[in-house]
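Structures incoming, each one as structure tokens.
Presented sequentially are two complexes of chain A, the first with chain B as partner and the second with chain C.
What follows is the complex of A and B.
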């Protein structure tokens, strides 16, 4: 009886797995078939396998540019937001001063802001300062939108480091900056890794701010590039599938190696 | 200076090194002031003006008066609220069931967990394109499957008609987020004390009773947290709509985010004042809704214990 129950359960779970992962498998199969083949049968296996579609998508439609732009903007934003977020979090967790909780609350409450409240003015401001339609402008905005979550996650981690450690470091003559750089940060590596992963995924997929603040082809990030790509290729489903896979692959590769860390990072904000 | 202060986490502050505090906080606060606080206030300022590319005119509450009469705006608010209320229920319920299934020590639990989580790692852009194909009238797998089992009459252009488009998109976000919620629920379940559940088993508690009276109350905080998170996420939704329907057909999938975008950057009015008004009003609505929701949950917490 128990075996029967388990088998039914397992069958249901496998069904859900098919539902959750099926669309990607389907897209992966289409990415290796030509559109003519796909129109003949939408659900067939790639036979023969058209690997050449990948270099074709990469070279013929600026995917190389989109990919490079995304990498540059996201890496720069993640590095900056991690650094200044960690500094602020360390300060809020370590020093007791008037306004401490106020600063924390002000930063943190931004998490629930709908993006519309800043996006129109950010457009105006970036135009004003010549940062509209530039990767630098987008990077700065990305730093700003990920700052609250970064501070929130890191602050709660820093606050749990026993203060004896800091007293000892102070006795040894460490300056405030050295304490942050040589004591706090090294201990917080797991939490920092979590925020890095979380910010990386969220920004790699970011679309709204990019679509408002970037217009030139040479500055497009991947999500914008994909949108442009469907506009250009319309009915060429096979090619679009290849394009989608190119955008997905980095995430899948990272996931294959660091699935646990990635899951931890993504859910960090949800678990108190 | 309180005795025992040394045990507290913030005891460095006894010296209050303002120089260091300022240095640590300054970069973050600068970014915050320039790219979050200032733009937010400027949006509020805009909302009382007509903001054309080279000219700003003060028009008082005219934008607000227009907004009250703007049927598309209220339609968008309605759609967004339907989305933000339906999603948390679907996502958290399905996620809880799946988490319980994995909690029951099924073989391959680790694999399931990793596979189900995948959708949430993808951008809404990728997900939107994939699902537009899945919903395709002629060759999308849903309609193909319906025709294959003789239910061809049920096949329809899911994203193309007003009464199915919004539910179809809500379904997509659920597909995407269930895995995320499941992982969080599973972590919460695993952190429960084993003894309590075993004691319930000894007391001959049925599976359903165990779930309703013991397990769910203990993971309540996580459940409510997930509901609020999902709610906030859906109040912001833009990308998925933009890549699939752009709010069509007949504004049936218009959300506040897409409407603000259209009014600010697509309509040829070139006025940034009116969309700023929408943003300001929406900001207040979201804030009130989230505060109300958390307050409600806290209140019920107090009543129950």
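What follows is the complex of A and C.
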């Protein structure tokens, strides 16, 4: 009976793993095959293995540039959004002041608007300030679109930190600014890690704002680079897969590095 | 080390509600352990937080060593506080928790090491220095919280119900530790609690508060034996003082009380002469009430019926209702083997030399 139960469970889990990992494995295999091979047999195993496609994408198809751009824009945006978001969240959770809830509501309510609504006005604003088609402009837009969610996640976490801790730090001689850095932020590391990983993955894969706000080849981010392999009349499936794999690697690295903290953050309520 | 003076200290949170602390005036002497005692919502914690600098002061003045502190921020008052929830920093080890306050004050590193080590030894925390607070038991956390306050060597210590999260046995031992600490450090301490046992055993003096106001300040036994009003009389003591409605009757120089159809004559030392028909409250502590079998010679006594008995071993607490006024109930603390049964008739004999009389407003009436 016990064996039967375990087998069923194992079967279900294997099925789910196949379902979840299948597309990824498929893309990984395609990244090592040429487009001609893929057209001949969609699901074939890479034989021979075309490792040379990676250097080709990196050097000949400008992936080095896209990768650098993505890294610069996303890292800068994540750092800024984390800092500003944490400070705002700390403030909203910790201080009683007039219109506190109104500020919170206005900030958070922007989440309900689909991004397409803001894109034309954002385009106008960026053109006006000379930020259109620049990495700085895209970074600022990324900060703006991720700020509400970041504040939302962090505010609920900061609000759960007992106020006695802040009082104790004040009695220990620390100013509000120091308390933020030495008490609030370190305690909130699991929640901060959650927002970092979330923001990183969302922005790393962000396409809509990038495609509207960036036109120059030298400023393109990875999602735009992958798009370049899709022509008007044909798609270079093999290179799209290679580009995808290059784009995915940092996400996997970040996730692996932060995932323990992420789980801690998600289960933070269970810990006193 | 330090004196603390509160002059009409008032805190108003909400203008439509009564003040949380209402004109609290208190002189706390050097090396004194002042206990602020009262039920929840009496303003004791608010008062403490105003002293700490964690709450702004609406009006009145607060001085430490004769320097007005109203506008001085908490971090510059040189006060340490022990919180009810311990408020240990969860992301720091015990050692860092102890050292956190010193680091801010630019104490040399070697000096910090030395003081942390010394405190850890006195509080038996040495083996725990590398642990985080979540890996400590309640009692250990409490000791770290104490250590964090002591290590700073502040002018004044504040305690906000520090024992209320501990179990009964630990509470008794930690209470002893705090008393020993006070003797050893000779520091000025202000201790907030709603537990009268803590107040009686720890306090040099007790300040009893109710509704944001100070009711009475005095040494523990003084407050116990000479309460200034019915609130203090009913709050201190376990079980508390019996308070029975009475009237002044004719005769015996205005000291004859009519209680439940019978009369008691109080000695001149316990009651001023009052005019007939004055309404008042007769107060007597349970330990000054003795139970007599019906018919026995009982002197100053009232007829009653036993409602309930609680045998505690060494003593028995008897709850009785007066026969002529069933609403008036009296608690008596009698010997453990007194053997009274529920429903039994008896006479309550009072030691009137320890009786109290309170006026219609609840204030004590004492002979001039």
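Convention: the second predicted complex is superposed on the first by the 228 of 272 C-alpha atoms of A that agree within 3 Å, B and C clash if a C-alpha of one lies under 4 Å from a C-alpha of the other, contacts with A are read in each partner's own complex, and residues count from 1 in each chain.
The working rule: a residue touches a chain if its C-beta (ideal position, glycine included) is under 8 Å from a C-beta of that chain, and two chains touch if they have at least 3 such contacts.
Note that the structure is predicted; figures quoted are calculated from it, not measured.
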item	value
Contacts of A:259 with chain B and chain C, given as first, second, both or neither	first
Partner chain in contact with A:46 - chain B first, chain C second, else both or neither	neither
Which of chain B and chain C A:115 touches, first, second, both or neither	first
Residues of chain A touched, compared between chain B and chain C (which is higher)	B
Partner chain(s) touched by A:17 [first = chain B, second = chain C, both, neither]	first
Partner chain in contact with A:201 - chain B first, chain C second, else both or neither	first
Partner chain(s) touched by A:250 [first = chain B, second = chain C, both, neither]	neither
Footprint overlap on chain A, comparing chain B with chain C	167, 271-272
Of all residues in chain C, those that touch chain A in their complex	49, 52-54, 73-76, 79-81, 83-85, 87-91, 100-101, 104-105, 134, 148, 152
Residues of chain A that touch chain B when the two form their complex	6, 9-10, 12-13, 16-17, 19-21, 23-24, 26-27, 42-43, 83-85, 87-88, 90-97, 100, 103, 106-107, 110-125, 140-141, 143-145, 147, 151, 159-160, 163, 166-167, 176-177, 180, 201, 204-208, 211-212, 222-223, 226-227, 230, 237, 240, 244, 247-248, 251, 255, 259, 262-263, 266-267, 269-272
Chain B - residues contacting chain A, complex	6-14, 16-21, 23-25, 27-29, 31-32, 34-36, 38-40, 42-43, 46, 51, 98, 101-102, 104, 106-108, 112-126, 129-131, 133-134, 139, 141, 144, 175, 178-180, 183-184, 187-188, 221-222, 225-226, 229, 232, 235-236, 238-239, 242-243, 256-257, 260-261, 264-265, 272, 275-276, 278-280, 282-283, 286-287, 290
Chain A residues within the chain C interface of the complex	162, 164-165, 167-175, 178, 182-183, 186-187, 189, 271-272
